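The first chain written gets the first letter, and so on, giving A, B, C and D; residue counts start at 1 in each chain.
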Amino acid sequence: MTLMTPEQYMESIKKDINLYMFGEKIKEFWNHPIIIPTINSTKKSYELAQNPEHQDLMLVKSHITGETINRFCHIHHSIEDLIKKVQMQRLMGQNTGCCFARCPGMDAANSLYSVTYDIDKKYGSNYHERFKKYWTEVQQQDLCVDGAMTDPKGDRSKRPKEQTDPDLFLHIIEENNDGIVVRGAKIHQTGFLNSHRVLVMPTITMRPGEEEYAVCFGIDTNAKGLTLIYGRQPCDTRKLEETKLDVGNPKYGMHEIFVIFEDVFIPNENIFMKGEIDYSGEIVQRFAGFHRQSYGGCKSGVGDTLIGATALIAEYNGIERASHVRDKLVEMIHLNETLYSCGIACSALGFQREAGNYEEEMLLANVCKLNVTRFPYDIARLAEDIAGGIIMTLPSAADFQSDEIGPLLKKYLATCEGMSVEERYKVLRFIENLTYGQTGVSFKGESLHGAGSPQAQRIMIARQANFNNKKDYVKKILDIE
Amino acid sequence: MTLMTPEQYMESIKKDINLYMFGEKIKEFWNHPIIIPTINSTKKSYELAQNPEHQDLMLVKSHITGETINRFCHIHHSIEDLIKKVQMQRLMGQNTGCCFARCPGMDAANSLYSVTYDIDKKYGSNYHERFKKYWTEVQQQDLCVDGAMTDPKGDRSKRPKEQTDPDLFLHIIEENNDGIVVRGAKIHQTGFLNSHRVLVMPTITMRPGEEEYAVCFGIDTNAKGLTLIYGRQPCDTRKLEETKLDVGNPKYGMHEIFVIFEDVFIPNENIFMKGEIDYSGEIVQRFAGFHRQSYGGCKSGVGDTLIGATALIAEYNGIERASHVRDKLVEMIHLNETLYSCGIACSALGFQREAGNYEEEMLLANVCKLNVTRFPYDIARLAEDIAGGIIMTLPSAADFQSDEIGPLLKKYLATCEGMSVEERYKVLRFIENLTYGQTGVSFKGESLHGAGSPQAQRIMIARQANFNNKKDYVKKILDIE
Amino acid sequence: MTLMTPEQYMESIKKDINLYMFGEKIKEFWNHPIIIPTINSTKKSYELAQNPEHQDLMLVKSHITGETINRFCHIHHSIEDLIKKVQMQRLMGQNTGCCFARCPGMDAANSLYSVTYDIDKKYGSNYHERFKKYWTEVQQQDLCVDGAMTDPKGDRSKRPKEQTDPDLFLHIIEENNDGIVVRGAKIHQTGFLNSHRVLVMPTITMRPGEEEYAVCFGIDTNAKGLTLIYGRQPCDTRKLEETKLDVGNPKYGMHEIFVIFEDVFIPNENIFMKGEIDYSGEIVQRFAGFHRQSYGGCKSGVGDTLIGATALIAEYNGIERASHVRDKLVEMIHLNETLYSCGIACSALGFQREAGNYEEEMLLANVCKLNVTRFPYDIARLAEDIAGGIIMTLPSAADFQSDEIGPLLKKYLATCEGMSVEERYKVLRFIENLTYGQTGVSFKGESLHGAGSPQAQRIMIARQANFNNKKDYVKKILDIE
Amino acid sequence: MTLMTPEQYMESIKKDINLYMFGEKIKEFWNHPIIIPTINSTKKSYELAQNPEHQDLMLVKSHITGETINRFCHIHHSIEDLIKKVQMQRLMGQNTGCCFARCPGMDAANSLYSVTYDIDKKYGSNYHERFKKYWTEVQQQDLCVDGAMTDPKGDRSKRPKEQTDPDLFLHIIEENNDGIVVRGAKIHQTGFLNSHRVLVMPTITMRPGEEEYAVCFGIDTNAKGLTLIYGRQPCDTRKLEETKLDVGNPKYGMHEIFVIFEDVFIPNENIFMKGEIDYSGEIVQRFAGFHRQSYGGCKSGVGDTLIGATALIAEYNGIERASHVRDKLVEMIHLNETLYSCGIACSALGFQREAGNYEEEMLLANVCKLNVTRFPYDIARLAEDIAGGIIMTLPSAADFQSDEIGPLLKKYLATCEGMSVEERYKVLRFIENLTYGQTGVSFKGESLHGAGSPQAQRIMIARQANFNNKKDYVKKILDIE
């Protein structure tokens, strides 16, 4: 079986894990009302894969096994693959209105596929075959995999070993013939609970003397020694309320986990880098490159839902044809499609690595992500503008549905003839959620910091931009030198 | 007594009102944990007035009684008054980190003061004296007054009487010798519960045939016939949680009330306009003008706290001197001070009305507010940028304080030597709150829509800008005509 | 011969034309110092085609004749063709630092190729074969072709026939068995003098009753009845000065011609539309689509030279590593690559027309152009910022080279040790030229208005954006309807 | 006589100076067609002072002599003075459509007035009285004074004495009982030829060991040892053409002079600082502060003419009421008035120096100027947008006026009924000039770099912003420490 049904997926994640939320240990997280919608988002990737209408995007033939697999498990092997990856992500965003968290593992795998090859070539190691075997299992079992990169980092002005606590960057604390023992933490782990496995990578380029920090491995999300703490999100507890109307997006969402590694043993067969500091940066950059490409797809997909909701509210309020409203909707489209364009462009100009897989064009992937750190904020502001102050002042669903006060509220929330007040209520909450609530964090905050904060992209752009070439164009025109 | 102490103020608002929240009737709202911080914000205006250090801004001599009053009760009578008003608002914003809701009534009173004068002059009515008497009571009792303008408005493409339900704009439904009866609703009522009285104004310029909608009056906030419904805000229920750490700003906040007028009787002495449609637009414009001026003060005050919190986080993370962080902090200051500059400028160029009071320069007040609809969003994005992804993924205070999981979390949230992890936690929540939480709604959403949405300012700017003058400058230079 | 050498091209344009400049009739325009650099720009397309290093981009096999042709004469027949078109344009921009004007005819031909096919299909006419024959000659002779669209348009609030003068839109004024006679004007004709032929198209969608305005044809640029008036550009007469140092870009430039059609006869074989009003808009849109795609290439190419010049000046001034300079250079790259990304993306997602040729994705092409109307202005401002006030205050080349005053000037224009003052002078003039001079018009003004002003793109974006689809995503998530 | 008439002013500047332009020595510069319009701009300050309608702004009573003087000669002595200064500058901008260059000396004098006082207080020197005497002459003779600050600076990464050539910063090379001899250059000297005198100041804060560079003095603009080289501007030579129609702004303009000091003797009575390095930075900062305030006035005045011209073109083209045109005009107003607001605000919050004079608020003055480095560019882009491509492609005035070709051109440049084609022509050239021509340099480039480039303002903003205060607000709210 290389494709799980949504139902099989749901069963597959029911594992005993060491998870805390609100200071309490959580049992059967898959039944927790705060967590359920976040699982639904990832589940959507299994659902759409069953839908013939979307299989052109969702399915692909594995270059390893030749079997048809979910594209989220694929090692891209053509320009077309790279483009369809982005389009699949946009489709997922359109169907969930939020992050769906199946990309980090895909992007990590595509990075590791070529980096392990390159390490082996230089050092004669055997990481690539090891990783290929590991990933073949992922493809054959249609697993969801997380990619874990961000360490807590402590004092940002200091190197890992200069920290007061050496564990502020994850590192090897012990080693024997069978494997290694690691300690540290990986934070901001989007969709960790929805994943079967996680690929753990270093967070920065390591330097000589920091070999114990240059470590990369695969591990199950329920591995012994892991402690998971569920991150809060704005309005999270609305999901615990009786009615789900105020959740905004009652079906989908995403979570972030703070993952602590307390002396976790990693067997040799799951280790994909151990001390090769000269390749630690390569893992980071290639992963970041793929992940920055991803954002051109997923965020424009979520953008589509916010634009749709805004257009709906304009329609409900009778202002859809007002010139200034029309103009703002056009601006939202323009910004959103610019994001998508950058995702497509870095794919279309991708190239083949020596390992055989295809990688997006690095400069444009960084340009893509840098736009993603800006435009969703503008799109969100325009949505708030058109939707009106009511998204910030709307009484609760309990008021709306109360026998006593509900009718009065509905009387005064009515707009155009024939409009449903309840639908207007729902769409307003959807917009509130995407601007100030849970999915807003996903649409804005994650756009800002996911796959690296803006400054990380600027540094990469500076490196990739060939200023000397540009100087040469001018010198040639001006007969200089 | 023309100055209440904070304690007297607290006593003074304990009145029986018809308030609903989460579908339930609320008794003793002043004890409700969701509401308390919002009362604190208004209370701060009484508190600072007692502080000699701030009395130059907070106190002023009444032009009516000659007594020293809180500036929030003042009818401005000089340029200096106008400037100090803005500075008082900035001070309040700096001390609360959110909206404090004592401005709408002040701004409404300053509008009505001159409009009633002008109506009387044209129609020989007696509104001005009536209003002066009403407002003298406010000054003498140091009352907090709300200003209520926004109607639900239904289908925005239709006039009040064309609506399916004529009550979608508040109007007179009955009239007798003693007064009038009104029906309708006023929404987005910021700080209504903290106010003793409310000045109710029309929401748009009324036209012939719409006289019943051209109505303006004063009323107590606990008047018979009023139904109040408390508006939801992101993260509101965090205030119900055991620990207040996750509230972000545990001391201050602001609420929005949906106020319904069911056949409310208004005695003649509290009526300040009744059918004078040609002055309905004047009330709106002058109120909006004063209120748009206000935003140059209050929002830059809140901006100061967000900039401060961001600088603190940068310090905690060891990156305060990084050039890109420094540059972003400078940009935040620049934007924030531009807002303030516009508030000061429209004050400095104010003028005297025939009634004797001073009004800000209208064009620049609209320019001020239009900047306020933009820059807080940019400031907030920069804050999120510097603060990092952790503001979106931080586990709960319950986790942070749990015996079991807390120590682990604290270990990995530590940054620079000597920094307090708990303080870092607090500041991160403060920033989260100002960007995605309750005060974020106040800093961003209210900046966008309060005192009119951006398009309202654009319309006023178009009207105030003298294009013909500008054309004439060019014609003169070019010898045209 | 399907490829002309640069020398053959130079000979080929030496034709008797009816051209005026500064009120004088110009003979042998190819020897005029103001015009020479503008011819050089187009000539570069012949030059690069001879260079093996660039032939992958510059050459392609004709789908009509199977012969190798210059890509500027190509009817695109694959996604790869569309992408390489954009890359060829970037290459040209990098090599000229300005507009090179061989795109309009290419873009017009690609529009007409499919529109004539569609007209024939509906009306049984024979335009497509006629056009194919016409274009085969272009390919076989390696001609440069202009595309002429913009009419003077008179009072923009009126339709063609409502104008005081019906000639303000070009129209058919006579018709017989052999052909038609047209009258009117086409303005903003970039590179008209460098072109052998011109494809004339309608400027807007025509309506019933406006058939005489729905006309499209090919004509030689030296046809009888044409009057050409050379457009002024800032600093144009610097090219008449003794030294060329102040020209900024002494080798390349571009011109704009005001072309008047006084009763010009068009034989039937060169007519590609005559009265088919329902396809007049199609010609406009498809041409505009191709041309908006083009701008993603050419303008980012010019952008490269401006970035290069700015980096050079920073180097000359010893500030290339200053953090704020570095940051601005990165921003310039970011904006420039965003333009390119949009050009690539609309190409990568192109589609095949029924006629067999490939067309770019229309929505993204408009998004591309809308960014082009903004970012070059930002890039130019950043260039001015880094280059410093000296680009506006630099004395003339005559001063610089004078025996008397030159040495003093050079003494004080010296910067870092080892830098050549003369090179600094040249690069400063190059930047001045791209921001305030001739090529600035090409980099900024043409970016703004070429292929349609911003509002034209906004209208197309509104049409192409499927708001209903976006509403449906939300409805599905919210179970609406 | 404390007020010169315009005619007297014209006579007063006819002095023998050592000026070069285009490599030639210029005699009687006041008759040179390139220079005349630039003199007109300054002359306007004498003209408006004679106009009763404007004397409230243009005239003021000297605090030294008690006589009525031109405000450009005033040492500001109240908040009202500071505000009226900005309003006078806006008036001048509206009347000239460009820079008028009488501000630098006014701003320098207001800086020196208090700095000399402070130096004397610390060192017991006598600079203040000396300066007061010097400036009393200026007031009594109604002189125009330049303020010269910018040195060539060579390698920006090095200090003055580290330069290959020590003269790249102006310095004292000799000293005796009667005075000093200086060598160096001051560049970007706006309006130098229109000025009778110039106040020369250091360009940066000097450090110990750099005393010879910490020098400040007054000098006549025709002093012995000065060599002046006239800076080129885009389209400068259009003023030499037969018709003045293509100049754009045929009456007004401004020049920039490269001024070289070859061993110039300065008598003691004109020296206002000599080696007091600890006050060199104060001169720079206070001058820059006043000058950054100025830009809020003059540039918004020029902005008014560009907005007026754009509105005129929209009217001529029949699109003034189109919603997108209206919206862009509103945006132009908004940006322009934001500039003005900042100029007014820093004035309204000014303070008194110990010397008795008033100075603007420094933080807001820097905020003002930083906005000035941005918004004129946006305003200019919007002007180009509305005006259309024709501003870049319009044939020459010689064509327009030619008997042969003129009528054809006029036929096709006609727009709305009743509009004058010639007026349209003039206004288009006016806009071209303000975006790409001479006055464009003044509206954009000078806005960017005059009174210091953007980074200079950012550094000052960082210094003036009290981050600790802002942190304290947050700490107080969060009970930190």
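Points worth noting:
The rule is short, and it goes like this: a contact is a pair of C-beta atoms (placed from the backbone, for glycine too) under 8 Å apart; a residue touches a chain by one contact, two chains touch by 3 or more.
Nothing here was measured: the structure is a model prediction, and the numbers come from that model.
Shared contacts of subunit A and subunit D, meaning chains that touch the two of them, come down to B, C.
Interface comparison, B-C against B-D: more C-beta pairs in contact at B-D. Distance between chain centres (mean CA atoms), subunit C to subunit D: 38 Å. Subunit B and subunit C have Cα centroids lying 51 Å from one another.
Rounded to whole angstrom units, the spacing between the C-alpha centres of subunit B and subunit D is 40.
For subunit A, residues touching at least two other chains, in rising order: 324, 327, 458.
Against subunit A, in their complex, subunit B makes its touches with residues 20-25, 150, 152, 154-158, 164-165, 167-168, 185, 187-188, 227, 229-235, 237-238, 246, 256, 258, 260, 262, 317-319, 322, 324, 373-374, 377, 381, 384-385, 388-396, 398-399, 401-402, 404-406, 408-409, 411-417, 432, 436-437, 440-441, 444-446, 448-450, 453-455, 458. Interface of subunit B with subunit C (complex): residues 323-324, 327. Subunit A contributes residues 83, 94-97, 249-252, 304-305, 307-309, 311-312, 315, 326-327, 329-330, 333-334, 337-338, 340-349, 363-364, 367-368, 370-371, 420, 423, 426-427, 430, 458, 461-462, 465, 467, 469-478, 480 to its touches with subunit C in the complex.
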